[in-house]
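Next up: some structures, all given as structure tokens.
Consider the two complexes below, in which chain A is the common component and chain B and chain C are the respective partners.
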Partner chain A sequence: MANEQSNSANPNVDLKYRRKKNAEEMKHQVLSFTLMIFFTLLAFAAVGIEGFSHWFIKPVILLLAVVQVIFQLYYFMHMKHKGHGTIALFLFSGLAVGLITVLVFLTIVWI
Partner chain B sequence: MQTDERFTDATWPASPEKATLDGKNKYLGFWLFLGGETVLFASLFATYLALKDKVPNGDAALAKDLFELPLTFVATMLLLTSSLTSVYAMYHMKNNHFKQMQAWLVITVALGFGFLGLEIYEFNHYVHEFHHTFTSSAFGSAFYTLVGFHGGHVAFGLVWIISLMVRNAGRGLNLYNAPKFFVASLYWHFIDVVWVFIFTVVYLMGMVG
Partner chain C sequence: MSTYANKKGFGATLWDYLTTVDHKKIAILYLISGGLFFVIGGLEAMFIRIQLAIPNNDFVSAGFYNEILTMHGTTMIFLAAMPLVFAVMNAVVPLQIGARDVAFPFLNSLGFWLFFFGGVFLNLSWFLGGAPDAGWTSYASLSLHSEGHGIDFYVLGLQISGFGTLIAGINFLVTIINMRAPGMTYMRMPLFTWSTFVVSALILFAFPPLTVGLVLMMFDRMFGANFFDVAAGGNTIIWEHLFWIFGHPEVYILILPAFGIFSEIFATFSRKRLFGYSSMVFATVLIGFLGFMVWAHHMFTTGLGPIANAIFAVATMAIAVPTGIKIFNWIFTMWGGSVKFTVPMLYAVAFIPTFTMGGVTGIMLASAPADYQYHDSYFVVAHFHYVIVGGVVLGLLAGINFYWPKMFGTMLSEKLGQITFWTFLIGFHLTFFIQHFLGLMGMPRRVFTFLDDQGFNTGNMISTVGAFLMAFGVLVMVINIIITSVKNEKVGNDPWGDGRTLEWAIPSPPPFYNFKQLPLVRGLDPYWVEKMEGKKEMTPAEPLGDIHMPNSSILPLTIASGLFIAAFGALYHMDDKTWTLPIMIVGLLVTFGSMFIRSVKDDHGYHIHKEDLMDDKDKGGKA
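Moving on, here comes the complex of A and B:
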């Protein structure tokens, strides 16, 4: 999370470069959005189309959800950028506790 | 650096949300909060998965009787698209285009309201057509707590973004409010992350049986 202040002697040249970089990044964002929509369509199709066994559907749609969330976290929420180590620590510790909770509840609750 | 300093396009920092110590701390602190939110939602998911279809008698509606593909699909598209529109808002924020940022935020908020409206319709439908209420079964309590908590987050996010837009309407962008807009957009993405698991685990897996 470096302070990316402009050091250029001519800020207008720098501005042009930055605008271009931002536009390029936006293009990647739109691409990752397209993929996310594609994964969503696949998941809905797997359930909507008759004939697939639920032993096949469930793991596949869970995998699609995980992939989609990775896109969301790393692209939309910028975790792919530098300086996100502490942030990854926060998120993954939360995830670790959360997943253990899910596992525990699924295995010890019966009514 | 003066946080209320007026910037030109050329002097506006590349990452305005992290150009000040205040912004950096907000960013880090917000992710700590999101780590906590992850635990909160995981616990609600765990409760839902443990109590899914646990109903008192054979007449009560189960997940596969309740959920319908088209409604869930439209709600999902609305929320996913609102995530992209908030990315557009942050793109314009980084380019110091205040008006465009506000415009994309208005679209984001409109999509969010669409999603919330569908959810209210859906809950109302379950209560009146299926007598599936918060107190009718363990399944009902777990379902409304999980999905309702998410809906509550959407409602809070809408209030948050609208407040920021109204509060800063006449002020324009500066290093004081750029981190605020940025953190609100992160929150909005997180709501979307949770929804991806809700539509997969609750709705799609519920329909499969």
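Moving on, here comes the complex of A and C:
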């Protein structure tokens, strides 16, 4: 983990700093976990509650899903830490290529 | 390690190459097999030109002509250009970044054998009832109706060799990201390494669409599915898209390494730092990105509609910008340099006007309304031969001449090299320049003959004469290689005298562990930096220590050969033969059995001990 790097093998070095960092990390994880559960509830509610049109529900659920994926990647899989630049570059380039392909198959294949 | 050379028998040498995981030997394997397929593809090209030399010729029949033109394109792209590019990458990239091998030596070998068996499988179609005959693009509307097994050979052969390419691409990505020597930052990487990096990323993203397309085609042809069959509710345009989503990045996969090779050559023989290094890197990456957003320019006449055509036309023209940046940077590298016209430099200088002409016709083709006129004519044939032969092949010939001493420790003859260069270059322009005009006059591509009195006679004759000149040039090169290998006069670390990058700081050919101590990189063109400070060699970045090396293994070959065997079963399965299922099972058992052995057998490699690395001259303490 990027925030646990140390020049010494002695676990007592920078103990205070590392504890503070870990506590902060824990706070982020709990916070994003709570938000993710909340978003899931919202998604269920959007479908469950009568009166919303499909044109409202579908984009909202997709948006919530995207936010959850970002939480998952950045907070639980540590992509917000340093040294993940290359990973992010390849992930998003792959995503772009994939989405363009999907877009093409939805639009310009004579259907 | 013994200090005297062991003379090995032929059998031992062969076994050594079959089991090797050393990137330098795999480079030689790629070079030999790529060279072989290049000759086969070249012969097919000669047959095409002989057939078209005079009107109404009957040198080959119409059906056979279709097979030849399909196999010429497929062989040249997948089985000649790709492996030759990989040959140079394997030979050079680990040395350029100061690594002892690629990240996954076993996978490197697996990638080669998959490519090799796929290529052999595809070419066996000649002897087993006819080659594929629907063009290298193999459009579904045509290929689904092709008789015989030709297309099946195409699908299965390319699928197997495609796995190999994908594996090789991933391997280079991991190598370049993780295994650079201390001090080798991204912005100190030589341009060839940069282009390999971008190309590997393109391979990673471009080959999956091809794999998907080939799988769908395989199910359509062999197992009765209807993905592309319009009459059964399929959609034939899907193949076109999948093929070109792969196919357009593929042409950048071929040209970018050539750009990288030329960048090295221009800097080396102008004896000057590459002009605009960072803009070169930027341009390479930008070409990589844009390469994914232009594929539909191959499909302007398919009927995608004016909006799609306009978007793809503009995106295509945008690629001229980074390419133009590169062209001008090369010219500025030469400007004011102390230019030395060696054979590689001749290729590099000839490449600039040749490739620019191909680029200009590219812009003409990118303009969608005009493309309706050019489409499927010899104008297109002229265009892509100008960029592929004038770019990729000149690049590979330059690269092979340039890196030959590093790969084999001998110098190719300059005199014979110049004969090859001039005959090939003149032959090339003779062959393809006139084809622009044949195309504009209305000569269609992929048609096996033409009628008299249409004004095509002289042009086609000139074109055929040019093709023979090119063949002569290649022949001289083969003779050159044979003479050089027989003479076997060994050269030192830096035979060109002006090497700039790390590979020239170590012996030619390098020892199997490449670097005794990993070098410390202190700037762009690290060897040049040291030379300018009056040093003869690199400063080491680490004390002399044991070197961990991977063991050789025959398993990559058996994994690949299993797929090769299984492919025969899949191919003949639709003929209701009883032996096809057992063959498929046996083949897959060989593949998965080998993979199982690889998984459960512990193979930790071995160490070269520090004591064995020291000799009287070199105690390893240089810093």
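To be clear about the criterion, the second predicted complex is superposed on the first by the 95 of 111 C-alpha atoms of A that agree within 3 Å, B and C clash if a C-alpha of one lies under 4 Å from a C-alpha of the other, contacts with A are read in each partner's own complex, and residues count from 1 in each chain.
Here, a residue touches a chain if its C-beta (ideal position, glycine included) is under 8 Å from a C-beta of that chain, and two chains touch if they have at least 3 such contacts.
Every value quoted in this text rests on a predicted model; they were computed, and no experiment measured them.
Once the two complexes are laid over each other on the shared chain, residue contacts for A:29 go to chain B alone; chain C is not touched.
Look at A:76: by the touch rule set out above, it reaches chain B but stays clear of chain C. Taking chain B and chain C in turn and counting the residues of chain A each one touches, the greater count comes from B.
In the superposition on chain A, A:97 makes contact with both chain B and chain C.
Of the two partner chains, chain B is the only one that A:14 touches; chain C does not reach it. After overlaying the two complexes on the shared chain, residue contacts for A:109 are found with chain B and with chain C alike. According to the touch criterion, the shared surface of chain A, contacted by chain B in one complex and chain C in the other, consists of residues 86, 90, 93-94, 97, 101, 104-105, 109, 111. For chain A in complex with chain B, the touching residues are 1, 3-6, 11-12, 14-15, 18-19, 22, 25-26, 29-30, 33, 36-37, 40, 43-44, 46-48, 54, 57-58, 61-62, 64-65, 68-69, 72-73, 76-77, 86-87, 90-91, 93-95, 97-99, 101-102, 104-106, 109, 111. Per the touch definition, chain B reaches chain A in the complex via residues 9-11, 13-15, 18-19, 24, 27-28, 31-32, 34-39, 41-43, 45-47, 49-51, 54, 69, 72-73, 76-77, 80, 83-84, 87-88, 91, 94-95, 138, 186, 189-190, 192-193, 196-197, 199-201, 204-205, 207-209. In the complex of the two chains, the chain C residues touching chain A come out as 177, 201, 204-205, 209, 235, 237-238, 241, 245, 289, 292-293, 296, 303-305, 308. Residues of chain A touching chain C in their complex: 86, 90, 93-94, 96-97, 100-101, 104-105, 107-111.
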